[in-house]
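Have a look at these structures, which come just after this line.
Shared between the two complexes below is chain A, which pairs with chain B and chain C, respectively.
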Partner chain A sequence: MTQTLLFQGLVGLSGAMSLWLVSAGLTLIFGVLRVLNFAHGALYMLGAYLALTVVTSFHQDFWTALVVAALGVAVVGVAVERLFLRPVYRLPVAYQLLLTFAFVLIFDDLVKIVWGAIYQVPPMPAGLGGTVIVLGRAFPVYHLFIMVAGGAVAVGLWALFDLSLWGKLVRAAACDPEMAAAVGINVPWLFTEVFAFGAALAALGGALTVPVQTVSPGMGEGIIIDAFIVVVIGGLGNLWGAFVGALLIGLLHAYGTLFVPVFDLALAFILMAMVLIWRPAGLFGGQTT
Partner chain B sequence: MTPLLRVARLRKAFGELRAVDDLSLELLPGQFACLIGPNGAGKTTLVNLLTGRLAPDEGRIEFEGRDITGLAAHARVRLGLARSFQINSVFPQLTVVDNLAIPVLARLGRSGAMLSRIDRVPELEREVGRLLAEWHLEAERARPAAALSHGTQRLLEIAIAAAARPRLLLLDEPTAGLSPLEKSQVLAQLRRVAGTGETTFVLVEHDMDIVFRLADRIIVMHRGRVLADGTPDEIRANPAVRDAYLGGTVAGPTAERPGSAPPGAPLLTVERLNTFYGQSHVIQDLSLTVRRGEVVALLGRNGAGKTTTLRSVMGLTPPRSGQVLLGRRSLKGLSPHEIAQTGVGYVPEDRRIFRDLAVRDNLLIAARAVGQRTDGDAGHGWDLARVYALFPDLATLERLRGDQLSGGQQKMLAIGRALMGNPQLLLLDEPSEGLAPAVVRALAGVVERIRTEGVTILLAEQNAAFATLLADRAYIIENGRIRLEASGASLRAHPEALQRYIAVEGTPEAG
Partner chain C sequence: MGKRITRRRLVGMGLAAAGGAVLARSLGAVRPVVYAQSKAFKIGAETILSGPYGGYGQFAEWGGRMAVDEINRAGGILGREVVIDFRDEEFKAATTVKNIRYHVQDWGADIVIGVDSSGDVLAAAEVMPELDRILIVHHAATEKLTEVEVYQKKNRHIFRINVPVYQDGIASALVAKDFYNIRRWATVSPDYEYGYTSWKLFQATLKHFRPDVEFVAESWAKFNTSDFSPHISKVMAAKPDAIFSTQWGGEAVAFVRQARLFGVFKTVKATMIAMGAAMDVLEGLGKDYPDGVWASCRYWFPYPATEQNRLFVSRFHERWKHYPSYVSETMYSCVHAAKAAVEKAQSTRSADLIHVLEGMALQTPAGRRVFRPEDHQAVYDVPWGQIAHPSAYPMPIIEHTRVFPATEYYRWPPFAKPFGR
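Up next is the complex of A and B:
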């Protein structure tokens, strides 16, 4: 029994890490730009499709696909932020939600036009297929890889925002954009960079799931709901909150399917409701990145 | 008499900084006590410890004989230990009566009565009437709070805090931002109420004149400890206080300014500037010139348009028409970050430190942000070492986060941050506001030094004494227009010339 629990915990952790990649970008964009980006799931989907195309149509390896997906979606992010988001910053939040929701629909249909509505069968990258024996059971190597990748991104983000000068510029702009401009920081550009960076994280999350998940239009909608729950639980705009939130939701899903499979979908919402009653600003709410 | 409040060996440190250090004191009911001390002395930290917003590292707090050290802030409020905040707690659209009715209803536990008219609830009407009388607000009873003068608004805020009839009310700089006249009016009222009611007031205040005139007892804090505690006369005679607070040892600038600097070419030229906030025409056809190497003061009351003028120059509130030139280059249409990179440094009145960044990072990012200078001028080479030489305190605090600094330390950091951008022109908005006299004097020395190191300064001030001490020239601004231009020397010789514009006698200004 203990082994089953531990094993299921591992499954939960790998789920948590792909959720973390998406949630990190989402909470980062909210923390700095103060925009709730509904289209974040669509960017995740776009990353998955780009990676798939690089592998199946251009016959490149998986690593190239990851890079192309992240960079490609970052470029899309730059365009979306500069052309569409910028005019709505000053408007009430409802306009931002409507605009980013419109992008969900637009990207879904674009994907159908370009790639077709068929469900794509993803290949497994060399060296990451197969299983290893963990706790007496077969565990997919690829899930271990995702866990490592998620951890690496967490360490990378910590270094970026706590050590690098760019990260400090971003934190200053998140804290007081007007004063940041008055000391000479090009805040509009910095916002574009942060949005593109968040989009690249989403794309990376999408591209990483390609080998183990069916790529289909609408795949973003599923993850964005979970990502929003994660971000709300952790505290809007707080990266470490998102990390903890992703772990909680990932484990909850893993154990939920084990113990109360019929109720699994509701569990995340129940957890969110409980956290919000206890701490209305989320676990780490009120603190900045 | 049993003390109302007893504090024993209280300690609170933020990293290296001992904000409150082994502090003990007792407070008797009915005393009108003022807590004073230089910026960074730990006054606000002490208030936060007393109200429960911060937990002490060590020590004990007793309130009416009961140990409340571990009690949460809201539980302390219920016992009758409350504070009023500097931030506005009035509802601007509601009338004075309605503003007072809300806390009274809350205290009477009659929130349900919110739905009925005030005059249908006799005890509410009686209590609100009593407050109006007590705080001399009857004449204003039907006016919306937004229409009151600054001073009266502040009184209303205090009255709202007092409406809950706390046993002890801590007021942290309740008169910040008021003119001297309004200050003494507000505090005289407070003093009168304190003599009658069941509420004991403790006041954190900077204005020494007023404190010495009104307080029964003055507690002087310095470096987290009580330096002196006694009647105004005792405090006045205390040599330690003179040194630490009244500033005998702090070197100020020489009384006589070292001859006016040779007037250089115009560095900042503002011509027929017009700036609006929505429909309101805040700056009207304003023109001024600042020459290279000068310190120029922009003097005026609250709301005269000083801040807006600086914000217009900085591009933060872009002017609707007019010309702003730095040297020969037009700043018109440039965004704030481009203006900063062109060589303008901005120190806002409210400091606006990046609060979750360390002191050092606040400085470094400002240097980095203007890394690519657009004017080809290498600037004056400000770096961390030079800023720390100017403000030695910042060097010792460099690892603290911006929000762990006191108000005065934040002000130094804001100036240091602006200098890190190597400005040719420094815009200083109300640098002396809210600072203790000794710190103001030290600040005057700092401004003087910055000027001798080659930075031109435009200074917005209400504090005429401070500004004329430093300025080569001054412009008097009133209702968004320049009324008068005068040399610093003539203003120092005839300070009474300023009375008409700066002293705030006569009509109270609109909120």
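Up next is the complex of A and C:
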């Protein structure tokens, strides 16, 4: 039994790390720009499709695909932020929601036009398709890789925001954009960079799912709901909150499947409701990044 | 600022309008064929055209269009040109009903065919009598459609051309009963009507022959599951000898790929995937489809070895560059069933069509089908087989096929026995 529990926990951890990559970008964008980006799931999907195309149409390897997907979607992020989001910052929040939701529909249809409505099956990258024996049972190498990747992104984000100058500028702009602008920081451009960075994280999350799942239009709709639950539990705008939230939801999902399958979908929502009653601002609410 | 946006918007609208006009013209290209009657015979077709099950709609549409073109080349139905319109079912009951209402009430469909999902078809069945149109189902598999909706509730507007869950839950067990070294079964299957009903039939039939088997674990995957890891890890913890699954379409592809990563096919002695021989799954998995997995479908393109089937497969392959999936054949045969009914009845009135379709025998690529008058279910048989990768085909196929006569594995009215006549 202990072995079953630990093994299921490991599966939950790898799920949590996939979720963390997507939630990190979502919460970052909210923390700095104060935009609830519904289109984040669509950016995740775009990342998956770009990675797929790099591998299947341009015959590049998986690692190149990851980089191209992240950079490509970052460029999309720049365009979306500069051309569309910027004019609505000062408008009521409903306008941002409508706008980003519109992008969900637009990107879904664009993907249908370019890649077709039917799911596609990308190849498995060399060296990651094997199994290792963990706790006496076969465990996928790929899932270990996802855990390492998720951990690496967490460390990288910590270094970026706590140690680098850019991170400090972003935090300054997030705390008080007007003061930051007054001391000479180019706040609008910084916002664009943060949005592009968040978009790249979403794309990375999408590209990392490509080898084990199928890729289809609308694939971002499932994950965006989970990601929203994660960032709400963690506290909107708080990166470490998103990390903890992703761990909670990932493990909850794995153990929910094991113990209370009929209730599995509701569990995440129940956890979110409990957190909101206990701490309305989320576990790490009130503090940004 | 306001002015600039307005101008930009104007240009955009102009471009959209121009594009729309071009599109409309190319879509409305005039055909040179002259029909005896000016009023077209309209077929509304419902299938899933997007997402993880979108492969099904694609293959079904190819089959349906091929049938319509064949019929039109031969002069149509009662001298009327046949037109077919496909709408995306989206795996939603409300969308399916809305699309059927559109097809019948706005577009003027004479008959409706299709519907993939069991949940969707039960919703659709409710509205067909009110719309007074026949629905010939090409894929949805719940036995409740024919056993309850038609047989018990006397909803005579529903017919079904495809073998239902008898294939998934009963024929599978007739194969599995001979796995003498396998006692412990587990399932990862869809968390809805089709998944439950198939597993229930499988358990009941297998227990009947093999009182020694145990069902040690089950995990139900929600619609649109992309990560099957928690499910796989859950059932493997119970150390099953074999896995039974009714995952289908893109979800079957994701399930098999992830099960490979967890070493499932090296650990268990047998795996059965009821709809694993659908063409989109075979093509989607390709060389990643492990040899020896037992799979089936609702029409297997090399079976039966008749001239009609051989011609159907070769024409289909020539036109679409794919081998037909089972829904290609069932959609194709739905169109031909509509033609046969209208010609026999010399009428398009639903009451007349129902009358002639009850008990009607049809020669189709899948073999001779007979619509049972009691439950409107077409009777024919389909093989189970094991995945292999012969070089003659660009995708895996099933070999070592086992076929049971429909009299042995269908449930028969009045449905008192668990299976067989």
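The criterion applied here is as follows: the second predicted complex is superposed on the first by the 289 of 289 C-alpha atoms of A that agree within 3 Å, B and C clash if a C-alpha of one lies under 4 Å from a C-alpha of the other, contacts with A are read in each partner's own complex, and residues count from 1 in each chain.
The working rule: contacts are C-beta pairs under 8 Å (C-beta built on N, C-alpha and C of every residue); 3 or more make two chains touch, one makes a residue touch a chain.
Everything numeric in this text was worked out from a predicted model, so none of it was measured.
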item	value
Fit-or-clash call for chain B and chain C when the two complexes are aligned on chain A	fit
Which superposed partner A:L267 touches (first chain B, second chain C, both, neither)	neither
Included angle at chain A between vectors to chain C and chain B, based on C-alpha centres and rounded to the nearest 10 degrees	150
Partner chain in contact with A:D176 - chain B first, chain C second, else both or neither	first
Partner chain in contact with A:T214 - chain B first, chain C second, else both or neither	second
Per-residue touch tally on chain A - higher for chain B or for chain C	C
Partner chain(s) touched by A:A138 [first = chain B, second = chain C, both, neither]	second
Touching partner for A:K168 - first (chain B), second (chain C), both, neither	first
Touched partner set for A:A254, first chain B, second chain C, both or neither	second
Touched partner set for A:I185, first chain B, second chain C, both or neither	first
Three-chain overlay, closest Cα atoms of chain B and chain C, distance in Å	16
Residues of chain A defined as touching chain B within the complex	165, 168-169, 171-172, 175-176, 178-188, 287-289
In the complex with chain A, residue positions of chain C that touch it	49-52, 54-55, 57-58, 88, 219-220, 222, 224, 226-227, 229-231, 233-234, 236-237, 249-250, 253-254, 257-258, 260-264, 266-267, 280, 284-286, 288
Partner chain C, residues of chain A touching it in the complex	4, 7-8, 11-12, 14-15, 18, 112, 117-119, 121, 124, 129, 131, 137-143, 209, 212-214, 216-219, 222, 253-254, 257-258, 261, 264-265
Complex interface listing, chain B residues touching chain A	314, 316, 335-337, 340-341, 346, 348, 352, 354-357, 361-362, 364-366, 368-370, 417-418, 420-421
